[in-house]
Amino acid sequence: MSHIKIELRKEDVDFIKGVCATFNNDPQELINVLHSCQEHFGYLPAEVQEVVSDGLNMPVAKIYGVVTFYSFFTMTPKGKHPISICLGTACYVRGAEKVLEEFKKELGIQVGESTKDNKFSLSSLRCVGACGLAPVVLVGDKTYGRVAPDDVKNILKEYE
Amino acid sequence: METIKLTIDNKEIDVPKGTTIYKAAKELGIDIPTLCYMELHDMGIENKPAGCRICVAEVSGRRTLAPTCSTKCEPGMVVKTHTPRVLNARRTVMEFILSDHPKDCLVCSKSGTCELQDMAHRLGIRDIPGAEYAAVSTYRMDTSPSIIRNLDKCIMCRRCEMMCNEVQTVGAISAVNRGFMATVAPAFEQNLEHSTCTYCGQCVSVCPTGALTEVNHVPQVLRALVDPTKTVVVQTAPAVRAALGEEFGLAPGTLVTGKMTAALRALGFDYVFDTDFAADLTIMEEGTELLDRLSRHLKGDTTAKIPILTSCCPGWVNFFEEYFPDLKDVPSSAKSPQQMFGAIAKSYFADKIGINRKDMVVVSIMPCLAKKYECQRDEFSVDGNPDVDFSISTRELASFIKQANIDIKNLHDEEFDNPLGESTGAGVIFGTTGGVIEAACRTAYELYTGKKLERIEFTELRGMGGVRSATIDFDGLPLNIGIAHGLGNARKLLDEVRSGKSQFHAIEVMACPGGCIGGGGQPLHHGNSEIIKARAAALYTEDRKKPLRKSHENPFIIKLYDEFLDKPGSEKAHHLLHTHYFDKKKKIMIKK
Amino acid sequence: MSKYSMHLLVCGGTGCHASESDAIVCNLRDELEAKGLMDTVQVIMTGCFGFCEKGPIVKVMPDNTFYVQVKPEDAQTIVEEHVIKGRKVTRLLYKDPVTRESISDSKHMGFFKKQLRIVLRNCGFINPENIDEYIARDGYLALGKVLTEMTPEEVIKEVKASGQRGRGGAGFSTGLKWELARKNQSDEKYVVCNADEGDPGAFMDRSVLEGDPHSVLEAMAICGYSIGAGNGLIYIRAEYPLAIERLKIAINQARENGLLGDNIFGTGFSFDIKLRYGAGAFVCGEETALIHSMEGLRGEPTVKPPFPAESGYNGKPTNVNNVETFAAIPAIILKGAKWFASIGTEKSKGTKVFALAGKINNVGLIEVPMGTTLREVIFEIGGGIRNGKKFKGIQTGGPSGGCLSEKHLDTPIDFDNLIAAGSIMGSGAMIVLDEDDCMVSMAKFFLEFTVEESCGKCAPCRIGNKRLHELLGQICEGKGTLADLDRLKNMSIVIKDTALCGLGQTSPNPVLSMMDNYYDEYVAHVTDKKCPAGQCKSLMEYVINPDNCVGCTACARVCPVNAISGERKEVHHIDPAICIKCGACMEKCKFDAIFIN
Amino acid sequence: MSKITSLADLKKRREELKSGLDIRVKAIDPENVVQVKVAMATCGIASGAKTIMEFFLEQLDRRNIAAVVTQTGCMGYCYAEPTIEVKLPGQDPVVFGFVDLKRADQIIEKYIKTGELVDGIIPVNYQTIDLKE
C-alpha cells in the first residue's frame, strides 16, 4: 500500500501536468513526456515520475521501468558542468579510455557521479557522431575534439 | 477450421491454424522444456515473453533456433526438438541461467517445488563453468506483510509482471533496469509495501523459483503452540481442504477435510474450527445488508447504494481502496470470514471458555497471502491485540505437517470442534468463484420471498469465465448478479459502477483467478488450470454432501445470534462483524 | 532577385558544428558585409561533406575549392584573398598525406574520387534548412510522379526491381517489405523511419537527416502512398539535437508548401509525419523494440513473426525502413529501377554509405557503389593507416559485425560477401584497426557495449554476453586456458543461435570473427600469456635493459609503488610482482633503457 | 509562401528556383561547361574588370550558355587589363586582353558560341589552373 507522500512545489506539479496535457495524457507519449520533464528539471526524481503517473494514468512502476531502461534518462541530478566522454568505437581506438581515466583521476569521481560541490558530473556515452574529432569530450554543450589525457587539466580549468 | 500439417520429431500432426509448435508437440506427447512459458488455459492467461530460450527447437528453413512457445506452426514445417544442436544450446543457456542464480538450493523455501531446480535436474546439469569468477546480479531483499522478494533468484520469466499488470491490472511491479541488472520490481525498487500491491499473491503463485515467496509464519505459530499460557484456536478456509492433499501427492481435487482436522489436532491446536462457520455468518450479515439496500433501492431511496459488492476478499479490498476509493461505500461493510471468525472467537468463544482474549491465539489457515496483511490491519484489533494473530497459507501448513512427521494420508478423518466448527454447504463453496454470491442467493431468496428454495444449486453462477452474469428470479424480482474473478476483470465491472452504467444489483469479486482455490497461498499449479478446476469441483462435492446447505439453517449460527448477537445487522453485529474502508490512493502533496 | 556569382558552402554537420562552423558562417558574413559583397557572394550552411577528419570544411563554388580545418578567424583571409583577389589560400588546402602536396579541387582528392553519391547527393550541397534548394534539385518530383502517374503497385514493382535492400542491417528487400505491408488490410497503417542510429562509429543517418532531411520525408510519403498509410513517424535519437532541429524545420516547410498534409498535389492523398524520440537504447534499432519504444514502453523486442508489416505500431501494419534506405528512394523513382540496379553487385544493388573511422587517415562519411573492395575503401578513399602503422583489421557493422583481416581486403563489399566473411553490413560503420590493437581486447570492448545495451529480456543475451565478456577479461589477464577458447566459441555459437533479437544474435560476431582471423593471438594470450599487440596490461612486463641503464635513479624516483630498486650509477631492476604497469618509468627514462617484454 | 497544389505547380517552382543553385551544379563538373576567369587584381579592377565580370555573368545566363564565371588573381598581363581567360570544354584555355564590353560581346558570340577566334588573344605561357592537381 502506498504510504509515501510526494511533496513538490505547486508550479512543478502544474508544469508536469501541463506537459502531460500537451501530449493528450496519452500513455503512449510517455517517453516524450519524460524528455520534456528531464529537460525542465535536469533529472527525473521519483516525485516527478509519480506526478507523470497521475497525469498519464499509468502505474508508476511502469514509468520507472521505462526510466531505468533508457540510458538518456537519469534519476540523479547532473553537475553544473556535465562532462561526457565518448566511448564509441572510433574514440575508443583513439584512446578515449585514457582520457576518461584522467578525468576520473582529476575529479576524484567515478562515471555516473558528481563532484561534492556538484560542479562536475561524469558520464560516458556512445558516439556523438563526431568520429573525425575522436576522442571527443562534451562539457555541457561544448565539444572538445582530439582530446589527449594531457588536455584534461586545461579543459577543467576553463570552468573554474 | 483451417488446419496445418507439420512434422515434429519425425511425427506428422494436423493442428488448427495459429497453434504454436510447443502446443502441437504437446499433442504428440513431446514435452518441450520451458522456464518462462505458462498458460492457465481456462482463464485466458498466457505468459510467453520467449525470454528463457529453453524451449528452442530446430525449424526447417530457419537460420537460428526458434522458441517453440511463441512460434506458430506453418504448413510443411519440419521441427526437431532434440538434435545435438538443440540439446547443446539448451544446456548452455541453462548454464547461463544457473550461473546468475544463488546456489543455496538446500535452504531455499522453493526447494522441491522449484521449476529451475527441476530443469537443472532434467537437463542433467552437473557443473556451472566459470562460476568461480562469474558475477551474480544481486538486489536488496524485501519483506512485506505477505510476500518476500529475493530477486537474486529472479530468472526474468516475467510471469509475475504479467499477472500483476495484465491479469490483475494492479501495476505494482514492472520490469526495471536493463541487461544483466534487469529484474521485476516496484517503482524505484522500493519495498512492495510502498507500492500499489494488493498482496493477492498471484505473483508468488506463478514464480518458478524462490524469488517470490510468502512470509513464513509457521515459527510464530509453533511458538504459540508451545506456550502453555496460550489457548490456540485454528480456523481453516474452505479452499484449503480442496488443495492441501496435493502437497502430499494426492490427486488435485482430493478433499482432505477430515484428515486436515486430524493433522491440526495432532499439531497441538487446542480448538480446530472452520472458517466456513464464519462464511455462514458472513452470509447472514452481507445477505441482510443486500436485502436492506435492495428494498430501500426498490422503494426509490437514492442513498441506498446498488449494486452491493462482496467484501470477503482482502486482495480485492486492497484493490478498491487503492484504485476506487471514491466507491468505498459501495462494497458491503461486512468483514471477511477470517476476521468475523477472529472477532467472534476472541469475544463470544473466549467468554464461553472463560479466558481473556489476550490469552487466546487465533491462527487461520488460508489459501491466500493477502490474509496475512488483512489480519495485521489496525482496525482488526482490540487494544493492540489482533482478532486473528497469524495467518498461514496452505503451503505453510503442509510444510508444518511435514516437519511434525505427521503422515496425513493415513490419518483417520476427524470432525471440527464446536461451536465454531459447524458449517453448511453454503460456507464451503465460498472458496470458488461464484460461491459467495450463490451462498448469498440461497439465503437472501428465502429471507426475501419467505418461500423455501426448491432448487438449491444456482449453476448459472458457476464456471470459470472471467466476468459472468446471471439473473436470478426472486419470486418475480429479477435480481441481476455479476461475478468477476481476477482483479482485471473486477476493474471492468468497477468502471461500469463508477460511470453509473452497471446493471447489477450485486457483484461478487474475488481477486484470484478461480477464486480462493486459485489463491496465492495454494499449492503451486505450475500453469495447469485443470488443477484449479478440480479444486472447484471438490468444493461443490463437499457442498452436495452437507446435510444443511443454506447459511441461515446453521444451528450454531442461529444460536450465536440468540445468545450473543441478537439479529443480523444489530448494533453488536455491526460492532464486531462490520468494518469500513480507507482511501489509499497516493496523494501528491504540495510543498508549502 | 540578386544574382550571386559565388557560393561559400560551410559544413554544418555535427562534427564540423562542434568545431565552431557556425562561427565561421557568421564571420564570413560579417566580412562580406564589411566589403559590401553580400549581394554577390552567398554563404550557405550545408549538411555534412563527409570529410570529417579535416573539418570544418568550407567549399568555394563555382571553382570547387575545398578548404579544410578552417577556423573562424580564417574568414577574413578567405574573403580578402579568395573572394576578392581570386587567390586560393594555400595553407587551408588539403594536403595529400602521401605526396604532401596541396590539392584544391575536392574532385582530385583520393577521398572523393571513388565515391558515388546517391544517398548523399544533396549532403554538403544544399542548405538543408531551405526547402527551395531541395525543390531546385528535383525535390518532391518523385512524389509528384508517383502520385500522378503511378499506382501503388507500380511503385512497389519499381522499388522491387531496383533491387534495393534495407540499409539498416539485415538487408531485406525494400520492395518486398512494402509489398507485405500493402497486402495486410487495415483501417490504419504506419510508415516508420528508423533514425535510432545507436551503432557507435556510425553517423550516416544523422548526416543525411542533417544534410538532406527532405529526401527522407519525400520517401516516407512515397512509401505511405504505396502501402496505403497516411501517417509517418520518425523515431530519432534524442542525442541528435541538430538533426531533430533540421527535421522539424523540414517538416514545417513541407507542410507550408502543401507537400505534407492533406490532399498532396491535389491528388487526394494525405500524409503527415511526426517525430518520436529515442532515449538511448541501442536495441531500439531492432524494429519490434523500436515500435514498443514508440508506444511509450520499454524498448524490448518481441518474437517475429508477427512482423511489423502484419502487426506493428498500435498493432497496425507498419513498414519500418531506415534513413539511408528512404533517402535513395526519390532517386530510384526519378532515375528508374534500371539505373539503380545497374550499380552494385549481383545481389546488392546501388551504393552504400559508410562511416569510416578508427586508425585511418581520412575519417569520414563515404558513399561507394556496392562491390567496392575494402582495399579501395581503406587505402584509396581512407588514405591508408595513420602514422604509417600496419593495417590489422577492419570491424564492419559495428559491435554486431565482425572483424575482417588482411585476407579480406580484396573482397567486394556487399551484403552476402560480408556475411560469408563472418561479418555483416550492419548500418555501415567501419572501424579500422592497426597493429597496436589487441584482438582479445577489441572483442572485449565490443562485448562490453553489448552487455551494456542488452535489454535483458532473453537469457542468452542478458547472461551469456556477460559471461563472454568476463571470459575475455580472464584471457586478457592471462588467466585463460586453451579449453576456455573452446568455451568461448561454444558460448558464442549458442548465443547466436538462441538469442531473441538481432542484437543478441549478432553480439558474438566480433568474438567469432576475431577468433577465426586472429586465432594465434588468442592462443598467445592463453598459452604464452603474451599480448602480441602489447595492449593487455596484465600480460606486459616492464624490464630494464642493463646495457642502456646508467643508474640515474630517475625511474625509481617516479615509480608510484617503489617497484624499482638499484644503487646510484648501477643497473636498476623492476620487481614485476610490485609493478602496476603504469609506464611512468618508461616515460621518464632518457636512455631508452626500459622496454616492454 | 503559397502552397504547391499540383505537380505542374511544383515543376514551375523548380524552374524558378533552379538558377539559384546553378553555380553549384556547374561547379560539380566545370569541365563540361564554359569557364570564364576574370583577372580581378587591383589593376584589373581599376581598368573595369568588375563591369566585365558582371557582363559575363548576366549575358551568359541570358544567352543560355552553361558557364562558370570566376575571378582570379593577377594573370601578369597588366598591360592588357582587363584580361579574361576562357576555357571551352575539352580545349586549352585562351586568354583575351583589353576586354571591353564590345569585345566581351564578341567573345561570347564568336568564340564561346562557335569557337571562332577573336582579336586580343594573348599567347599563354603558363597554366592558370592553380597549384598541383
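Should a chain be cited, it is by its letter among A, B, C and D, assigned in written order, with residues numbered from 1 in that chain.
The working rule: contacts are C-beta pairs under 8 Å (C-beta built on N, C-alpha and C of every residue); 3 or more make two chains touch, one makes a residue touch a chain.
The shown structure was predicted, so the numbers you read here are calculated from the model rather than taken from an experiment.
A count of contacting C-beta pairs for A-B and for C-D identifies C-D as the more extensively joined pair.
Taking the mean of all protein Cα atoms as the centre, the chain whose own Cα mean lies nearest is A.
Centre-to-centre, using mean CA coordinates, chain A is 43 Å away from chain B.
The distance from the centre of chain B to the centre of chain D, each centre being the mean of the chain's C-alpha atoms, comes to 89 Å.
In whole angstrom, the spacing between the mean C-alpha positions of chain A and chain D is 55. Centre-to-centre spacing of chain C and chain D amounts to 40 Å, using the average Cα coordinate of each chain.
Not a single residue position of chain D touches two or more of the other chains.
Among all residues of chain A, those that touch two or more other chains are 62, 65, 69, 71. Within chain B, residues 175, 177-178 each touch two or more of the remaining chains. Chain pairs recorded as touching, per the definition above, are A-B, A-C, B-C, C-D. Looking at the complex, you find that chain C touches chain B at residues 281, 298, 300, 302-303, 305, 451-460, 462-464, 466-467, 470-471, 474, 487, 490-491, 494, 496-500, 505. Against chain C, the residues of chain A that register as touching in their complex are 26-32, 34-35, 62, 65-66, 69-73, 87-90, 92-94, 125-134, 136, 143, 145. By the touch criterion stated above, chain C contacts chain A in their complex at residues 14-15, 18-19, 51-55, 197-203, 206-207, 238-240, 276-282, 293-299, 314, 355, 357-359, 363-364, 395, 398-399, 429, 431, 433, 437, 445-446, 449, 455. Chain D meets chain C in the complex at residues 1, 3-7, 9-11, 13-14, 17-18, 20-21, 23-24, 26-28, 30, 37, 39-41, 53, 57-58, 61, 68-73, 130-133. Those residues of chain C whose C-beta lies close enough to touch chain D in the complex are 1, 3-7, 9, 61-64, 84-88, 90, 93, 101-105, 108, 125-126, 132-133, 135-141, 144-145, 147-148, 256-259, 265-266.
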